[in-house]
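Everything below concerns the one structure shown next.
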Amino acid sequence: MDIQAIVEQVWAELAERRGSGAVADYIPALARVDPRRFGIAVATPDGGFHCAGDADEPFSIQSISKVFVLALALDRHGARLFDKVGREPSGDPFNSIVQLERDQGIPRNPFINAGAIVTTDHLIDDRPVDEAVAELLALLRKMARDPGITIDGEVAMSESTAGDRNRSLAYFMASFGVLTNAVPDILDGYFQQCALALSCRNLAEAGLFLAFDGTDPVTGERVVSSARCRRINALMLTCGHYDNSGEFAYDVGFCGKSGVGGGILAVVPGRASIAVWSPGLGAGGTSLLGAAALKAIAERTGWSIFG
Amino acid sequence: MDIQAIVEQVWAELAERRGSGAVADYIPALARVDPRRFGIAVATPDGGFHCAGDADEPFSIQSISKVFVLALALDRHGARLFDKVGREPSGDPFNSIVQLERDQGIPRNPFINAGAIVTTDHLIDDRPVDEAVAELLALLRKMARDPGITIDGEVAMSESTAGDRNRSLAYFMASFGVLTNAVPDILDGYFQQCALALSCRNLAEAGLFLAFDGTDPVTGERVVSSARCRRINALMLTCGHYDNSGEFAYDVGFCGKSGVGGGILAVVPGRASIAVWSPGLGAGGTSLLGAAALKAIAERTGWSIFG
Amino acid sequence: MDIQAIVEQVWAELAERRGSGAVADYIPALARVDPRRFGIAVATPDGGFHCAGDADEPFSIQSISKVFVLALALDRHGARLFDKVGREPSGDPFNSIVQLERDQGIPRNPFINAGAIVTTDHLIDDRPVDEAVAELLALLRKMARDPGITIDGEVAMSESTAGDRNRSLAYFMASFGVLTNAVPDILDGYFQQCALALSCRNLAEAGLFLAFDGTDPVTGERVVSSARCRRINALMLTCGHYDNSGEFAYDVGFCGKSGVGGGILAVVPGRASIAVWSPGLGAGGTSLLGAAALKAIAERTGWSIFG
Amino acid sequence: MDIQAIVEQVWAELAERRGSGAVADYIPALARVDPRRFGIAVATPDGGFHCAGDADEPFSIQSISKVFVLALALDRHGARLFDKVGREPSGDPFNSIVQLERDQGIPRNPFINAGAIVTTDHLIDDRPVDEAVAELLALLRKMARDPGITIDGEVAMSESTAGDRNRSLAYFMASFGVLTNAVPDILDGYFQQCALALSCRNLAEAGLFLAFDGTDPVTGERVVSSARCRRINALMLTCGHYDNSGEFAYDVGFCGKSGVGGGILAVVPGRASIAVWSPGLGAGGTSLLGAAALKAIAERTGWSIFG
């Protein structure tokens, strides 16, 4: 069966379960998203797309942005970044501070909140915050070939209003000397990146280089080195879904990164980049239908990286 | 460059670092192993081998046996096994009891000690312990095509003598009602499996079915289902190396399982099964030279599962 | 108002709440105790008693025995005992193993289970277990002036049957080299001491020396030195009630030790020794009515050690 | 021997150890204090003083102010305060955030930093911060009968500069909805109270009401109710010295509160109030010589509350 048929079939089979799971409600802008939204987009190296459902409606990608921030921070600082953030799955909920205390302020990996605060600090480097955010936005617009991608100002503002836990994490790391920039500046950048709004189509296209050795397969342009690309993928596999990364690897077998907005970016090396979106979350904070869709696609395509 | 040349080259480049790292010394039989031993064996689906160094000398595979116990326990109980053991990386050292307390006696995954005690309990099931151990030994002898594989009785005895931490873990789980058999029986089985002695050649051959969808590529015989095979591989990738599983995935990009005896079994889906052995361990408890050898092989073969 | 009148009044006021709280049910012998039992006994230095309710019915004193084991272990080993057990409140539930892991197998204080396993190991020393238990029994019989005090064999057996958590704690400490005797021997002694059966009258009389500088005020015989007596009292105050020791100090203001059988021994330096018993426990594992009775007695006598 | 002679003798015996211990160095104003300062002051109910050494030199009382803030917050809110802060010893270092995570943002007691941030929030209530701080300062000036007591502005500023850990604690609690006022306002009040400068004489006199049922024994004026006074004393006994409160109770047997500036306020119900100061701290963060002096005074006066 071809990939377009698989995408449509999977969407149709799962569509009746739309609305299940719990929509994130810690900020109003997320809480009021229609829980029945459900989109799938598969981007292939020939520049093609295979979509179903609400694949063109922008949503708040939230933590998925951590992947692109990591790519840029690694590009700017190289492996020295890992002096300040680990590469191990966390074993604790995504915003746990216990681990930070045990490890003297060094977060376990770049995909938990504390770790992404560290990569954001590195992305900002010695620049004004807005310049760093502009670089991130420019990367996404270019890779997704869509100059209309924006940051949702209301979401960014709400993130800040609801951001006391992240403030606590940041000041905690600052007390260990882990951060370079001032905490309010870093969080400004952090809250903005959480508020990026992309459609499934945008997201799949923007992530395509990760499936092709760090090179955009459509233009042939290199974004990150081949070795770095493999390593970002490894981090997505082991740490991409908070405290249920193991479950996702076990069930789906793709490299992936979830966001509490209900999006998931999945990377299948040598094959495709896939974005799914459905706002209802499972117990682990990952989109219920999104994970189910990726599992079904993995089974029907035989694309699992585990054989 | 062909794989034989790569294996020899990697061995030769690393050979001068033999003796680095710390040999496990919690039992005498491990402490007195020559720290300069270093072997590599790659098994390919055509039944061929590519070896270097001490590839034919048996060593204590220790925790690597957890992979085969998991395969048998899953075969016996199916997914119900996961009611009693999780599938998430642990984020704590391999013998941590903190996690067990938080999770009401359910270990995070089958590859930490507590988790392997649970899979051993399932492997024993309602049989005498020795019958369960005999099944495990028979599987390894058959898959490795070597009837001479044995359990090192001295090591098993020493494991028991030094086994108070494992006793504590087992009684802790028993206090939550997680275990079915009596703790001393389960530990008897557990200590025996830790004492299995295999060479790199044995181990690579025994693990070959995991790289080929659960089927022995030489005989065509199915050992586990295709789906189950992928899932065992996913667990090795996310949880196979105690608290540095993320590092191994990041650096090497193969599914793997380490033992404190200095062995590592690596599975490369669709390509090969690789066993390395060098007794000196790094900070995370994984063979220093072993991990370095696998990293070098991954780079030169381009076999990383991450692209 | 005289003390006899206070005791009777407090008993009468609380009697209607008999049966509230949760009776410990982890062993059958405790689970089937009549939840409406309620006794109070105050022993004064003139040899007098002031009792109310079921003050003469023996009950399982459980953890209250830890006080007497500590007194004997200190007598045997002096302050060297504190190389193996701390003197700090635990901040974790009474059977927590998390703290043990953080502190390399050294329990926080002698009144949590792990700590009492350490003091039991010291009480046994280089003797047969039964000799050590006999010394403890002899002390209680002598101090309470009642040769009929015994160990309830059924309770001791049940403790052992339900003792996996304590086994886990003991093997955990053994793995750090904290214990001298074999774990099964230590636990044998530990389970027996938990099964001591005393009445409120027995218990109040047995504890009288702690209120009088370590000397039995009736006979004038010294049991422990004055300094050691103060220190045992300090430990009761700070650590005597698992995770609600602070609450007890705050509310009652007496040195005290609770048991899950519903008994509490309270020591009021220079004044009296008080034992209360009511099987229903509050959230913290301390007798609900027992704590309420002590609080009322403290208020009406003005005996709080805090002014 | 009379108390003046004891004070002088204890001072003289310990004076040769001046300079031992580690002076707090997290802010410059503390780091540059002369480590050989050593003062003792005992205030008795007749209005008398027994002093030795540097008893009249003001020092930064740091966490000792938590006692007075608690008294005022309790006066303002009564027992409802304890909906937002516990009464149990912490078992974790004074600035641990692990406990806060486990207990959903509710600190264990009012004497760890997080707990004092809660009591400060209650002291501020619906007033401007400076009004609350002024009330605290007025209480201390009145009780110590010294209108010259002030807040050291340089210390307050330094506390704020070095205050990222406290910021983290405050935002962490705010994320659980535990705090009423804005975090920066609460911390402003908190940092000011840490910077109060009192001499031993001031401090002993200011704390005298705690030793006399909540009433200033010199003027007869009631400061807090008798019951509340006993409870503040109980909290000092069980929680007054971070992670070595049990040790202090065991060794000294007075209610007390330490500060990292090297001061300790000790309360002996019915007898006296004692302040000691020596900047060198022991491993637990309590003044080495201060604790030794109190232990010696307790032994020679026989004033231990434990008999």
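Going in written order, the chains are labelled A, B, C and D, and every chain counts its residues from 1.
Here is the rule we go by: a contact is a pair of C-beta atoms (placed from the backbone, for glycine too) under 8 Å apart; a residue touches a chain by one contact, two chains touch by 3 or more.
In this text, all values refer to a predicted model and were calculated from it rather than measured experimentally.
Farthest chain from subunit D, judged by C-alpha centroids: B. If each chain is reduced to the centroid of its CA atoms, subunit A and subunit C end up 55 Å from each other.
Subunit A and subunit B have Cα centroids lying 32 Å from one another. Between subunit B and subunit C, the centres computed from C-alpha atoms are 48 Å apart. Subunit D has no residue in contact with two or more other chains.
Chain contacts here close into one cycle, and each chain has exactly two touching partners. Of all the residues in subunit D, the ones that touch subunit C in their complex are 86-92, 99, 108-109, 210-213, 226, 229-231, 233-235, 237-239, 243-247, 249-250, 253, 255, 269-270, 304-307. Contact residues of subunit B toward subunit C in the complex are 96-98, 100-101, 164-165, 167-172, 174-175, 183.
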